[in-house]
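This structure is in structure tokens; I'll ask about it shortly.
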């Protein structure tokens, strides 16, 4: 008996890898359709904040993630943009992460196709080019944004665009949001939200989400989406299920697997100890 | 871009993904190739971003088109950094480094004071303000008290210059439990985050297994399995021959 | 020589650091202008800092190729990957899309960089699972608390976890697992995180002041 338990405890890890692979692939091939009942308070707060903005309000959206964090953060970005367009908000998309430019291009491709075909570039939304120095950008956005952003990503003059009417710095904007897998949100909070008293919200990976709980509590962040669950919750709130919701089924199985493995390993360890 | 290039792209993406995952079974030349490609492609991506977003619009254009000579100052400072590779003149790089470090340090101080110190202390004390207590929300007061006690106990744990005994030891032990709760929650979130990424990769592989991409995932996976089987018998052969001898 | 090699760089660090610090707390016209200029300059210098890493990588792999070190063939792929991103970028002038059409750079980003970068990070998930099985041993009360917190979070975040909790404890009328998970994130975890943030903040401020005043000079290299 003791030998069997020891063998199981020392099982080849490649079998564990295979089990995890099968558990994650199964829901992709055959979706489970599990119900997502509990929506996080911080996601609801973000949704309510955007829902409460009048038409024509200006949303600054900084998408600072790269392909590595795409599965968690891209659905968040898409969901927020869909909601903002539904509320007829003006959107300015920018990035301080070199790896995000391609993902922003994908969003830019999708807006006229399926996200919001009625919205016009330059009138309802604009996409700015990548800037390498985050703190410089944040400080400048609080003073005179056209000093650092004089052209959009295609080289067209920014100041003359209808979407930028009445906007000179973040004090003229109604909400700022940063979706990132790095510590960029901390910088946005310190250099923009706190310094210029701009209402700010965030979207982060599940790994980083817990670190922002203090900011939610102090009101430095008006709302927060965390990981794929955050994206799925937001999709449920706006009534448009997409990649966030689809991924949650696979995550369900994987989480249960990790819990089961830890519990089983510890039970066997105790069993061995008292055998 | 033609349909052929897009399908070829699907094959490249599926192939590189499977090559990198193959390391989970065993180290192999395909993984090493993909790993080195990643290194080069990553650097190439950042290089082209810096070229087209910084050097050309912020140095070249202002210098040549607007005659703005002031951009030469940061350019020279930036170039001094590269002298790191030449031992005789590597001391020049100190000019670039000290500029970066001075600027960075000057920025970090107000950032951490306002966001990580003052706001957090303020947030901890907020539930105890008279205006909050007057609202009569008992749960807010209870939660606020737990946070305040936990916060102080964690700080006691980090007081390494004072010996942990008596009341300080008790407080620091409570602090450890709060830290364990935080780390446990962080572990839970980390697990979720990594699985989300993995799910994303499998989703892409599933996309590239479609007939549109000529079953790229299946073909590459099958080829890799065949390689591992052949390699297994190839490396096992000398032991079998020895035994036969 | 010491003046040029040591004192002037330290003076630059001191002046730039002090001016940047004071510009945050002294919002005048000239401090705003200073911040604007410094921001632009920092932008440019940071762009050159990247070159350090790039040249280091190239030197290392070129040496491997010229000396025919074991596995030198793989080093060729570093340059292949680099050129695969840079050459199309130069051809398309840094644009990933021209109109509705994908350029060479766009292709490289979508099918090369995306796949490689995403996969590299996601491989960690496998190691988390196998390590959790092999090394996560609850041998003390503190480890038990850590596991309990992780368990609550992992169950709370996914529909299946919520269903399992309801099935096991729903009849007691106790709190929903999602509510417990939310409370865990909002209260005790905040306390832990705040303590760590405070410690890091104080350490960061002290180090930054040491750098500005020239006490911390390791980044300058050997004298």
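Letters A, B and C mark the chains in the order given here, with residues in each chain numbered from 1 onward.
Everything that follows uses one rule, which is that contacts are C-beta pairs under 8 Å (C-beta built on N, C-alpha and C of every residue); 3 or more make two chains touch, one makes a residue touch a chain.
Since this is a predicted model, take the numbers as computed values, not measurements.
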Touch-based graph of the chains, sorted into line, ring, star, complete or other:
complete
Chain pair whose interface holds the most contacting C-beta pairs:
B-C
Quick check: how many Å separate the C-alpha centres of subunit B and subunit C?
4
So how far apart, in whole Å, are subunit A and subunit B when each is placed at the average of its C-alpha atoms?
15
Within subunit B, the set of residues that touch 2 or more other chains is 24, 45-46, 49-50, 53-54, 107, 110, 120, 123, 147, 182, 185-186, 189-192, 194-195, 197-198, 200-201
Please list all residues of subunit A that touch 2 or more other chains.
17, 20, 68-71, 99, 101, 131-132, 135, 195, 206, 209-211, 214, 217, 227, 229, 251, 254-255, 258
Where subunit C touches two or more other chains at once, by residue number:
24, 38, 40, 42-43, 46-47, 106, 109-110, 113-114, 117-118, 120-121, 125-126, 128, 132, 147, 151, 154, 157-158, 185-186, 189-190, 193-194, 197
Inside the complex, what are the residues of subunit B that reach subunit C?
1, 5-6, 9-10, 12-14, 16-17, 20-21, 23-24, 32-55, 58-59, 70-71, 73-75, 77-79, 81-82, 84-85, 90-91, 93-110, 112-113, 116-117, 120, 123-124, 143, 146-151, 153-155, 157-158, 175-192, 194-195, 197-198, 200-201, 204
Given the complex, residues on subunit A that touch subunit C span 9, 11, 13, 16-17, 20, 34-38, 40-41, 66-71, 99, 101-102, 105, 108-109, 131-133, 135-137, 139-140, 143, 147-148, 195, 206, 209-211, 213-214, 216-217, 227, 229, 248-249, 251-259, 261-262, 264-266, 269
Quick check on the complex: what are the subunit C residues that touch subunit B?
5-6, 8-10, 12-21, 23-25, 37-38, 40-57, 59, 71, 74-75, 77-86, 89-90, 93-94, 101-103, 105-126, 128, 132, 142-143, 145-154, 157-158, 183-202, 204-205, 207-209, 211-212, 219-221
Going by the contact rule at the top, pick out the subunit A residues touching subunit B in the complex.
14, 17, 20-21, 24-25, 28-29, 68-72, 98-99, 101, 129-132, 135, 186-187, 189-191, 194-195, 205-211, 214-215, 217-218, 220, 226-229, 243, 246-247, 250-251, 254-255, 258
For subunit B, which residues count as touching subunit A in their complex?
24-25, 45-46, 49-50, 53-54, 107, 110-111, 114-115, 119-120, 122-123, 126, 147, 182, 185-186, 189-203, 206
